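The following pair of complexes shares a single chain, chain A, combined with chain B in the former and chain C in the latter.
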Partner chain A sequence: MIEALTLAVVILSIMMILAKNPINSAFCLVILMICLGGIYAAIGAHFVAALQIIVYAGAVMVLVVFSIMLMNLNETRSSIDLRSPSVLLAVGATVVLLAILTISFFEWQTATLKPVSGPYTLEAIKQLGGNVFALSAMMFAKGYIQFELIGLLLPVAVAGALVLAKRKVD
Partner chain B sequence: MDTSTLLHLLSGYLFCMGLLALLLQRNSIIMLMGIELMLNGINLSFVTFARDLNDLAGQLNAIFIIAIAAAESAVGLSILVHVYRNFGGIKTDQTTSLRG
Partner chain C sequence: MSLFDILAILGKVAFVLAVVLGSVPLIVWFERRGSAWIQGRVGPNRVGPFGLFQPFVDVVKFATKENFVPRDSSKVYYHLAPALAVVAPLAAFAVIPFGSQIIVMGQAIQLQITQLDIGILAILAFAGLEIYPVMLAGWSSNNKYGVFGALRGSSQMMSYEIAFGLSLASMLLVYGTFDLNEMVRYQQNTFFGFLPKWGILLNPLSFLIFLIAIFVETNRLPFDLPEGDSELVAGYHIEYGATKFMMFFFAEYVAMIMASSVLVTLFLGGYATLPGVGLLIHTLGISLDLTSDNQQNLLALGQVTSFIFKVALIMIFYVWVRWTLPRFRFDQLMNLGWKILFPLSLINLMFVASFLAWIGG
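Presenting the complex of A and B:
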């Protein structure tokens, strides 16, 4: 199951970059978000999976698709010229970054100094009443300052978006 | 290849694909979608490390990142609406008033 979803994510991300039309690449991204939600659900992060579907595949992508409609961007663009120096530089930089990430991951995996494993094994989470209960208990025990700061950030972001989208700032 | 290795490599791959979308495209909305893709790669890395290390703090941080990404995309898209009004387009080669 996870292997199939991974394959779908790999293919959809390439399709998103190479799509001729912005709306096609937005829809590729929506399906990619839903596949990622499936991966989260499959490895036991149920609340993150629900948020991924609701916030990303729902709210954020609706906003993106709505903006594409608003700005009338349905003209197709010419395909990317693979021989221009800027494109070669971009692809080269990305390949180097991917190589560095892969090498550093395998270094971490074979390191002699292992990190300490936490208390939340699958059985412990089951004892606490499931992923959502364990996560909410932890959020209000350890992460309440971050939670309040996010609560402050969201109205500020909404106010900023409204002010920016107004026609004239008086 | 076990699941955790596969997902760690996928998270690095997603980050790189987001970077590639950011660097290759001239359309600002697709560049913004590239940033979303990079944030998704980071989220996947957090959740996979949380699973590997039996710690829920990674999932907690993933939730906060999702909230910040929603705020970021709302502000970014309203900036793009403003740019569209002033320049008549959102391609990055159209908005060159600050170029010397």
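Presenting the complex of A and C:
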């Protein structure tokens, strides 16, 4: 199940980058988000899976699709100039990345992987009464100051968006 | 997983699908007869007794119509939209409990397709996906009215999701769980021994906000601006005909049933038996001299009937409101959403949270 979903995520992300039509690209991303939610659900993290779908597929991507539809973006026919410096840079970066991946692949073959065990093993979560309880205990008991600070960021973002939007109107 | 478990799950899925999809023609019939009754007309009364077979004739009519596709439409999204419209609300039924449990051959079967500890969040996830068919249908059919309908639909659904979510959050505080089954179990308690501890009595303001929000989310009158016939002809599904239009039509009613089921589960006691039914089942069980297993099955029957009865009441309310109130203007709709319901639900949430902190629960 996870293997199929992972394959789908890889294929969808490639399709998203290669799609000429921005709507196709956006919908690849929507399905990709749902597949990511599926991966989380398959490893038993139902809470994160639901949040993934609610926040990304249900809210963020709706805004993205909405703005693409409003601006009526059409297919872009870009002509790539193979001699431009950005293409050369991209090719160089790809070669370096592939080299790193190959090296790390062979390293991984020889080295033995040690699992890093945190405090939240499957048994510990079950003892706390499920994912939701473990997360809320963490958020509202241990890290409540950090949580409140992140909450403070939201009004700041809203105020910033208002200022930016108002400048355009005036 | 044994064969019994697989059969039990398949049976539950078949039961829920049969009840939900089977009740749509009945609701359509009730909508047409009810509207006629409210407006002093006769309504469809020719096909079958009381015109009951009218919806089936309508299905045949839709199926035999010309199946056209607009020339300049985006074909994939044009065909995807009606399918998505039906699938998203149907999938959400998977977590709604419609009874406690039945006992078959000594094994208990939970009357809920799947029991997740995130319960209500799964419903929110599927409800969030319900915007896509509206946007897709309006945009892909390449029609100006369609795009206007899609824009209206998605903006009103997004705006009211805030009030919807906040009123839900206040109920989550009251119940202290995401699990819909536990919410129903909580509501089976009583105040002073006779008044059921339903969500509507615990938090009436939240119920009101939730009720208004689900009218907007399902695009029903008085908030049916995305398809407002006098302004946009048919809104986002203007370019759809034949079976594809029928799927949108079907999806509207499936979404209504889904929203009513969530409302009933959160505020009207879910499958908790109606007052009096519990006593009836108890005396019936004793007088028929049933085994404890069969008593449980009889109780489950009462619970499923009570649940369907409550959902049916909300559906009747939907029809009643549709043919009574006129349509809102778009600025009125946005004012109601952002300037009244949003602050009201926020204040309600604060009040519930401080009250719960005060009584220490």
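As a working rule, the second predicted complex is superposed on the first by the 130 of 170 C-alpha atoms of A that agree within 3 Å, B and C clash if a C-alpha of one lies under 4 Å from a C-alpha of the other, contacts with A are read in each partner's own complex, and residues count from 1 in each chain.
Here is the rule we use: contacts are C-beta pairs under 8 Å (C-beta built on N, C-alpha and C of every residue); 3 or more make two chains touch, one makes a residue touch a chain.
These numbers come from a predicted model, not from an experiment.
Peer 1: Do chain B and chain C fit side by side on chain A in the superposed arrangement, or is it a clash?
Peer 2: fit
Peer 1: For A:36, is the partner it touches chain B (first), chain C (second), both, or none of the two (neither)?
Peer 2: In the superposition, A:36 contacts chain B only.
Peer 1: Applying the document's definition of touch, where does A:47 land relative to chain B and chain C: first, second, both, or neither?
Peer 2: A:47 contacts both chain B and chain C.
Peer 1: Answer with first, second, both or neither: which of chain B and chain C does A:164 touch in the superposed model?
Peer 2: In the superposition, A:164 contacts chain B only.
Peer 1: Examine A:70 and indicate which partner it touches, taking first as chain B and second as chain C; both and neither are also allowed.
Peer 2: Both partners, chain B and chain C.
Peer 1: Of the two partners chain B and chain C, indicate the one touching more residues belonging to chain A.
Peer 2: Result: the larger residue contact count on chain A belongs to B.
Peer 1: Mind working out whether A:121 is in touch with chain B, chain C, both or neither, as first, second, both or neither?
Peer 2: In the superposition, A:121 contacts chain B only.
Peer 1: If you stack the two complexes on chain A, which partner ends up touching A:4: first (chain B), second (chain C), both, or neither?
Peer 2: A:4: touches no partner chain.
Peer 1: Once the shared chain is lined up, is A:62 touching chain B (first), chain C (second), both, or neither of them?
Peer 2: Second partner only.
Peer 1: Once the shared chain is lined up, is A:103 touching chain B (first), chain C (second), both, or neither of them?
Peer 2: After superposing on A, A:103 lies clear of both chain B and chain C.
Peer 1: Return first, second, both or neither, reflecting whether A:88 touches chain B, chain C, both chains, or no partner chain.
Peer 2: The answer is neither, since A:88 touches no partner chain.
Peer 1: Determine the nearest approach in Å between the Cα atoms of chain B and those of chain C after overlaying the two structures.
Peer 2: 14
Peer 1: Take the contacts of chain A with chain B and those with chain C, and give the residues found in both.
Peer 2: In the superposed arrangement, which is not itself an observed complex, chain A uses residues 47, 51, 59, 70, 131 for both chain B and chain C.
Peer 1: What does chain A use to touch chain C in their complex?
Peer 2: 23, 27, 30, 37, 46-47, 50-51, 53-54, 57-59, 62, 65-66, 69-70, 130-132
Peer 1: What part of chain B is in contact with chain A in the complex they form?
Peer 2: Going through chain B, the ones touching chain A are 3, 5-10, 12-17, 19-21, 23-27, 29-30, 32-33, 36-37, 40, 43-44, 47-48, 50-51, 53-57, 59-60, 62-64, 66-75, 77-82, 84-85, 90.
Peer 1: Where on chain C does chain A make contact in their complex?
Peer 2: Residue list for chain C touching chain A: 74, 77, 116-118, 121-122, 124-125, 127-129, 131-132, 135, 139, 147, 150-151, 154, 158, 178.
Peer 1: Any idea which chain A residues touch chain B in the complex?
Peer 2: Listed in rising order, the residues are 2-3, 6, 9-10, 13-14, 16-17, 22, 25-26, 29, 32-33, 36, 39-40, 43-45, 47-48, 51-52, 55-56, 59-60, 63-64, 67-68, 70-71, 73, 77, 80, 87, 90-91, 93-95, 97-98, 101-102, 105, 109, 115-121, 124-125, 131, 134-135, 138-139, 142-143, 146-147, 150, 153-154, 156-158, 160-162, 164-165, 167.
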